[in-house]
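Two complexes, one shared chain (subunit A), two partners (subunit B, subunit C).
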Partner chain A sequence: MNQVALPFKQIEANDLERMTKKQKRIKTFKGFSFLAPSVLLFSLFLFYPLGRTIYLSLFLTNSSGITTVFVGLENYQNIFLSPIFLKSLQSTFLFVLYTVPGAILVSLFLAIIANEKLKGIGFFRTMYASTMGISTAAASVFWLFLFHPTIGWLNQLLNVIGVAPIGWLTDPEWALISVAISTVWMNIGFTFLVLLGGLQSIDYYLYESADIDGAGYFYKLRRITLPMLSPTLFFVITVTFINAFQTFGQIDMLTRGGPQNETHLMVYSIYQEAFMNYQFGTASAQAIILFVFILVLTIIQFKLGERKVHYQ
Partner chain B sequence: MHPVELIAVSKSYDRTTKVLEHIDLTIEEGEFFVLVGPSGSGKSTLLRMIAGLESITGGELRLKGNMVNHLPPKDRHLSMVFQNYALYPHLTVKQNILFGLHAKKVKKAEQEQRLYETAEMMGLTDLLNRKPKQLSGGQRQRVALARSVVSQAPLCLMDEPLSNLDAKLRAHMRVEIRRLQKKLGLTMIYVTHDQVEAMTMGDRIMVLNDGTIQQIGQPIELYNQPANLFVASFIGSPKMNLGEATIEDQQLTIEQTLQLPLSMSDIPQVIQRRNLIVGIRPEHLAYAKPEEADLWLEVINIEHLGNETLLTFEVGRELWTAKWLGQWLIQVGERVPLSVSIKHFSFFNRDSGALIQAPTENQHLEVVAL
Partner chain C sequence: MTTSLRRKVVFYTLLTLTAFLVFAPTFIAFMMSFMSNQEIMTGQIIPRSLTFDNYVQVFQRFPLMQYLLNSLIVSLLIMVGQLVISSLAAYAFVFIDFKGRDLIFFIFIATMMVPFEASIIPNFHTIRDLNWIDSYPGLSVPFFAMAFGTFLLRQHFKQIPKELKEASEISGIGDFKFYLTVVLPVAKSSLVTLGVYGFLTSWNMYLWPLLATTDDRFRTVQIGLRQLQTQEQLNEWGVIMAGAVIVVIPTLVLLFVGQKKLQQGLTEGALK
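Moving on to the complex of A and B:
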């Protein structure tokens, strides 16, 4: 009996192995089929264009974007020698410096006051978040009116308090600041909403416990609210930071890079190079440089910032 | 001067429905006072009103004889332990314990001193540099207690502090909290929905239901003389066996199925004959020798707890439970002989639920006064 039974068992064992292997293959296939849509979309709209941009940045092109002469890294060399690009780089960094802390501080303040339990607070929350629903173009037109040198409300206000009018968008001293102010205003909606969400997810027991312990308002703000909000703050800072580097719409609407290239930010510079001057090679090289800048700065931010963030 | 006094305190959120109604309560110095009731009874709200986390709609709250209705929590000189402990997740155990002292700007040296003493007492010395998420449930609980101890407030409020622990740890922490309270001489107000916790820990218990006081008294008093049907069924596990009853011709008829002889001298306070509800504790449905049995009932379920056995019977529409000491090998479906004494029955008015007569013979075998 034993001798007869053995081969049967052998076959069963082999079968079992084959079946588990087959199931593994099916599992892998299933996994990839779920991954396929995003791989496809990313390849089509992200990886291919990125590769194409790198490729283009090594060539000179004709006006329809067809490569003509291979120049290697010459595009990059020329860019860093160009005073216009260096000026654009400087403006971009200044712009980031104005808008990121500006937007974060203002919306943090708004989120903290809108987090109080008061009657009708929903109205204020809606108001503060509303800029999120306004397109850059519409907001720019609105600010264009505010900034208007003669009929704009800002100058009229200055007139009332007896200060000389300012050429908000025409004065090289002011143009970048004006664009930054309007950008902060446009960003507040999103950052406010995210920060308010972060504040609301803080357990109210912590505040009650602190109340009983005798902690004051600012002590609670410093010891509970800010540390507990730090993951949200970090997220918002990173996103606003990247967004600031990529600003284009309001520049195009408000100043078109002027006056004296004061607001000639990098993305606007890329746009001009590519679609005004038809220098697709140079534009691509600038785009790659911007990409590397954002990448490196974000990595640095993660390295420095994550240490101070308290994840739950 | 009483540490806590509530005079006709009430609470309402929308001015029409009252969450708490006319609460009169005096708590003694060094007392372990338990507020117990089902969820939604208003016990946590009452505690939070004493803490100052909820406003008081009506009445007066006095701490140490002073009216404090208007005072913010920090000026009431009390500490509180929350159900979910409310530990700061981003701070270490040490920082968590010192949070309050730091906020009150207590001197550094004194902070260290108090921290050291408290950590020693709570067995947290080795855990001071950990974050809350690195602690087990029991350790977190101890940190929460330590925070309350370190404040040296004479009045301590606890809001269901043990409900997040497993059964074994809960039993252990019950003893630990009780010991701590006695050792430090704290006045404690302790909220729970668990009647076992209330019975085992409290010097006095207040049973709350639907925002009104049902009864205030010592645990044994509540068990032996429940003021009404709610307390009778809420306190005690398994709960008191209840059934509708009528009295006719020297006979007590329960749920129209059980009949017991009775003499009027047993129940001097029961005047009414109808609309009664009677109750008897499971331990008073005792086993009787077959020839001495007062009644026979069919067992429909049996639970072996090891040291005691719970038997369930069907009496009219009610399920009654008997608790017998020891291990009884009885099968479901068997009819068992029981002895019951009229003297062990509580009588309630069915309409008002109020107690008419408590058992005349109360556990005289079990209650031993030392």
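Moving on to the complex of A and C:
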């Protein structure tokens, strides 16, 4: 590789070998020093705490997080017997079921109509993308007003069309749906931007040749757009899935897990168990369950997306 | 001719209608921030007269300035930290060939499978033991290393011709100098994309700042908004909305300016 830098005198074979060995060592050293900050931080704030969470999940702890009694898998047994945690699991799955298809279908529709070559389309794209710039806390404040029982716009609209008001955040029947609606709105910006990017990277030539064959709008949508978009769609679905499992901010702002634990989603449950009840052992067991869910989702994404995802 | 006109009408109708619906919650909040409490309570839609009273109030009654400053510092710290650390790692993956590189690469991929929530309890204890509760390092350092950013930059660094690296080696330019003077300037646009992304996500962070701060001197705006909402008892919507609008403006501006770049970056993250 670096022969030019070597002296011109005749070089013995084992000298050369020693040189390349030394060079290899230098390269390894250099490589590791460039990677050291990342590896160090990952170890300290990701891998060590993950191991520690597993460890904690096998113990009872005191309120400052120091382990007291080894209980083995008892924490896991207990949470799966606890009606509150089971309810939390159920709510989380329902929430995923509402938000993932909701966000994907709405954003896909928006991305398709915003992909038309029309005058002023940039303005509409900006409008759709705007929710990405709005934090969970701010968005929750916006929706808290819209959901307000008396002055909120949603109930005012219902009033206009003569429907009885709904307790959006207080009625156990509605609370999870309401939080899901606001979450779909918060997700639109990101999913829209990614899907639009996917649409724009489809080769225009495909549409031109379909036009020559006289294909209609919906035919092209079904036969060209959706199949070509499938890798992006797949990516967005996984990310929305994972985000739904990690939902916390809007729960904390809108419902605090209530009413009747209807919106007590997993991360909120972990938060409460750990930082309000100081039960770090059971909270860790719950965190590990969450980790397993997300791990499986990510592996599915890597496996199924393999043809399209080339990291190496 | 007529079909294309009809098509245009259909699309513009759909676009306008949906844009109106998507933007409505934000628009309403903006309007409310300029309305008196009486106007809000009587269900007005458009403010009769613009009043900046709510904005004055929110700054007077809450340490909003301090919250904004904290968020700015924390977001900038995270942004710079991520750029430096991700670009160093990406450089090693592209330009330095060494044993063990593939293993470390696998470790980076593995980090994407661990949600932050799975490690949040020990992380809280670590920060507490380091005496980093209520401090800028405690709010920012745990987010410096980032696999997504490393992969994004790696993708761009790969486009730099290998010959350039070989030539620099021959003329005796070391790796660090090559990284600083050649690679970083060439990859400027992807650094900007990652920077915007990092700033946006850090500014909007919620759970970690909630745990890692107990004191107004270090609270970020998102937690400030939570304080605002709980303390106001939902009576003064105008003041709360003024606070929310102020929190949202920096990220909205950043999004509007960097939308194209961000979209490219995100799509590449999705496809490569």
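In the analysis below, the second predicted complex is superposed on the first by the 285 of 312 C-alpha atoms of A that agree within 3 Å, B and C clash if a C-alpha of one lies under 4 Å from a C-alpha of the other, contacts with A are read in each partner's own complex, and residues count from 1 in each chain.
We take it that a residue touches a chain if its C-beta (ideal position, glycine included) is under 8 Å from a C-beta of that chain, and two chains touch if they have at least 3 such contacts.
Since this is a predicted model, take the numbers as computed values, not measurements.
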If subunit A is used to align the two complexes, do subunit B and subunit C fit next to each other or clash?
-> fit
Spot which of subunit B and subunit C makes contact with more residues of subunit A, would you?
-> C
Identify the partner contact of A:Ile177: answer first if only subunit B is touched, second if only subunit C is, both if each is, neither if none is.
-> neither
Name the contact category of A:Phe248: first (subunit B only), second (subunit C only), both, or neither.
-> second
What is the contact status of A:Lys30 with respect to subunit B (first) and subunit C (second): first, second, both, or neither?
-> second
Touched partner set for A:Leu206, first subunit B, second subunit C, both or neither | first
Check whether A:Ile237 is in contact with subunit B, with subunit C, with both or with neither, and answer first, second, both or neither.
-> neither
Give me the angle at the C-alpha centre of subunit A between the C-alpha centres of subunit B and subunit C, rounded to the nearest 10 degrees.
-> 80
Which holds for A:Leu158: it touches subunit B only (first), subunit C only (second), both, or neither?
-> neither
Considering only the touch criterion stated at the top, classify A:Leu60 as touching first (subunit B), second (subunit C), both, or neither.
-> neither
Where subunit B and subunit C come nearest after superposition, their Cα distance in Å | 6
Dual-contact residues of subunit A (subunit B, subunit C) 310, 312
Residue numbers on subunit B that touch subunit A, as the complex places them = 51-53, 72-74, 78-80, 82, 84, 86, 88-91, 99-100, 103-104, 133, 147, 151
Subunit A residues touching subunit B in their complex are 203, 205-206, 208-216, 219, 223-224, 227-228, 230, 310, 312
Interface residues, subunit A side, partner subunit C - complex | 2, 4-5, 24, 27-28, 30-32, 34-35, 37-42, 44-50, 52-53, 56, 65, 109-110, 113-114, 116, 118, 121, 123-146, 148, 151, 153, 156, 185, 188-190, 193-194, 196-198, 200-201, 231-232, 235-236, 242, 245-246, 248-249, 252-253, 267, 270-271, 274-275, 280, 283-284, 287-288, 290-291, 294-295, 298-299, 302, 308-312
Touching subunit A in the complex: which residues of subunit C?
-> 8, 11-12, 14-16, 18-19, 22-23, 25-26, 28-29, 32, 40-41, 43, 84-86, 88-89, 91-92, 96-102, 104-105, 107-109, 111-126, 141-142, 144-145, 150-151, 169-170, 175, 179, 200, 203-204, 206-207, 210-211, 221-223, 225-226, 229, 234, 237, 240-241, 243-245, 247-248, 251-252, 254-256, 259, 262-264, 266-267, 270-272
